[in-house]
Amino acid sequence: MAEPILSIASLKAGYGDFQALFGIDLEVGPGETLALIGANGAGKTTLLRAITGLVGCAPAMVRLDGRPIGGMRPDRIAALGVAMVPEGRRLFRSLSVEENLLIGGERARRGDWTLERVYDLFPILRERRRNPATALSGGQQQMVAIGRALMANPRLILFDEISLGLAPVVIRDIYAAVPAIMASGVSAILVEQDVTRALAVARKFVCLQEGRVSLAGRPGEHDRQAITAAYFGLAR
Amino acid sequence: MAQAYSIERSTRASRITAIVALLALAALAAAPWWAGRADLRLLGEVYSFVALATVGPLVAAYGGLAAVGPQACVGCGGSALFALAMFLGVHPLLAIVLAGIAGALIAIPVAPLLFRLQGAYFAIGTWVLAEVFRLGFAQVSSLGGGSGISLPAGVVAGIAASRPLREMLVYWVALAIAVAAIGFVVLLLRSRIGLALTALRDSELASESLGIDIWRTKLLVYVGVAGLTSMTGAFIFLQKLRVSPDAAFSVNDWTAYVIFIAVIGGIGTIEGPIVGTVIFFLLRETLADLGTTYLMILGAVAILVMLRAPQGLWGWFAARTGLTLVPVRRRVVFSDQSK
Amino acid sequence: MDWVNAIVQGVLIGGLYALFAAGLSLIFGVMRLVNIAHGDMIVAAAYLALVIVQATGLHPLASALLVVPLMALIGYAMQRVLLNPTIGKDLLSPLLVTFGISVILQNGLLVAFTADSRRLAAGSIETASIQLAPGLSLGVLPLLMFAASVLIIFGMELVFFRTSLGRAFRATSDDPEVAQLMNLNRNHVFGMAMALSAAVVAIAGIFLAIRTNFDPASGPARLIFGFEAVIIGGLGNLWGTLAGGVVLGVAQAVGAQISPGWQILAGHLVFFLVLGLRPRGLFPRMD
């Protein structure tokens, strides 16, 4: 495989006295999508926060293109091409839809994703461009959050629970846009509680359980039973 | 598989400290017999600053309110003392206590207004309050209007028969106020209210969901602090024997110095303000001739401490050594642990 | 007619109070910081203008060309060096640092310039006036100051809502964490906010210097007037701050008509009245 975009080695991280991750290893190659699954509290969000710099860790634990970025300032990591679609959307409520997108593209790298292209991907946003971002429905807000991350033209995009709190038909619409996103060659980590959906779009997966990797591989390699066991920590 | 545990508060260090503190208190109480007049006055000043610095930041550190205007209460207490002693003929020492109560009573209707101000704006609000009092005072001609008034000789004589006795009584009152202030804070923090305050500081939302009445807790703390600060203010101006609007409500004297003491010593601990006061007076005695530069140095030191050691000198020391001389927190001790 | 005149003067000085307040409001909006040294910065700007006018012979109003960029630079540096390290941890630390800065500024100015009160002479414009009706005349200078306030507030709103810097301000204020994920350097954004505030402070300082006597201890009073204007007007709304300034100015003017000693007290009482009856201010836009 070509040089991985992201490689994580023995990652230990936590919040103050509370340790959430006890030594995680994983790799994401160029253009690859990795599904990160696990129950609530397993450490998925902490892992994403460690990658984006919101949570500190030792420098060598997280490498981007081989370069250690652990513990770096979040805006510097963003500048290197890492973008996140945060859990719960977290749009800027004082900004309109278009302003949220624009701010995502503020110091963007050069690339294909422009305001127009995001509007092509999610046409409903074009209609609502001047509305305050938080006045939109949950699904539309999710589109804005994804668009905001795309505007930075990232090399690695982190999706944190994009289906959370959304109706199934809305989730389907959002996931329908995922192939178009992946086609542009960006690598992705997809955190999802909906295991089936996650495994359907991912090339490989990692399952976390209480801060450790309990199972990893390609979607076809393991059967449902093994995955469930790893998810809930039944196999010890 | 639960471990057996107990909840303890005292440590060996704290038990030793309690004994040392009692001995020190006895020695200080005996000061009229071994210290000179000027030293007694100085000690009186030290005690009042210890009282102010201990009680004031309580509101800030635990109440989640950033109070910057103790000068409102100090001035209130001072003016109340003079009014009570001069117009109502109350014995000055008793007037000190009454002035404290007056301060607390005034705080009750005022606090709800001030609580409407968010966080740091609350601080300026207390400042505006002090200004209202100052301007109001200046309009009262019987208290000397803008230039203030001295305590009449007759009232002074009313404190006690002879001057040495007067000075002894005044000194003991100061010591009592400092002890009362420290005692108030220790007892408060150890009580259920103290627990509520710590919870409040950490998370208002969580506290509320647990049934803690935020508003009432804050009000209680603020009123208590107002009362003690007013009482200290009353004492301060009794010792000065003169009060005026500008002196009573001076930002420099009562707010700036108190803040610096609290910052340098360490906010949120009992030992901090005492350490801070000692350092403050040491600096004052050695640097006082520098005048305005002295204030600038204080300001610079305070900023430096805030940037480098935000827990103050005592806080920094305590963190390094793990020492707590006056414990207010409870610890969970597992029975298989020694200590 | 006396009363009408007084009220008109009150309205006009409201513009100046709004200028005092605008920088304070901006800082609070972007980083939830209350700058206790704000008033002292206004006075420092006044002294800076004094020095520059004496050194270059420029007209006070023209000195803005130098004072504004200088103050902006000082504000940026102050924010990055002294204030940024303390923001975010708790409410008290940044407040105490600004308090320390206030004390140092006041006493530094005292050492440098003594406690003598000063004033900046602006020439004939100081006394020029427009006669609207018998007994009612508007001073040209107060009118100019009011117009400048309106213009500056308009400009600030423009920056806030139509520029990428303004977007950065709003985003960082909404969600500092996610803003960092968008490659916004929080330290720089906060620095720029303080720089902008300092620029407005510079203009306020020059106006102050021309309008009244000032000395190193004049700072806290300006802070209080600015603060009262913000609270009366409502948080998060610069036009509201202008309204707040006007209300304060009029209250003080009315108070002065009743009795000179009541001028400032009247303002404080109206402030507490608004706090009691309309706690969020007259035109709040923020929570």
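Each chain gets a letter, A, B and C, in the order it is written, and its residues are counted from 1.
Keep this in mind: a residue touches a chain if its C-beta (ideal position, glycine included) is under 8 Å from a C-beta of that chain, and two chains touch if they have at least 3 such contacts.
Note that the structure is predicted; figures quoted are calculated from it, not measured.
Among the chains present, the centre nearest to the common Cα mean is that of C.
Taking the CA centroid of subunit C as reference, the farthest chain centroid is that of A.
Look at where the CA atoms of subunit A average out and do the same for subunit B: the two points lie 52 Å apart. One simple way to say how far apart two chains are is to compare their mean CA positions; for subunit B and subunit C this gives 33 Å. One simple way to say how far apart two chains are is to compare their mean CA positions; for subunit A and subunit C this gives 44 Å. For subunit C, the set of residues that touch two or more other chains is empty.
Listed in rising order, the residues of subunit C touching subunit B in the complex are 28, 32-34, 36, 82, 85-86, 89, 91-93, 95-97, 99-104, 107-108, 110-111, 220, 223-224, 227-228, 231, 235, 261, 264-265, 268-269, 271-272, 275-276, 279.
For subunit A in complex with subunit C, the residues that touch the partner chain are 52-54, 73-75, 78-79, 83-84, 86, 90, 92-95, 99, 102-104, 106-107, 148, 152.
Of all residues in subunit B, only 60-61, 64, 66, 68, 113, 116-121, 123-125, 127-128, 131-132, 135-136, 138-139, 251, 256, 259, 263, 267, 292-293, 295-296, 298-300, 302-303, 306-307, 310 touch subunit C in the complex they form.
Here subunit C touches subunit A in the complex through residues 164, 167-168, 170-171, 173-175, 177-186, going by the rule given at the top.
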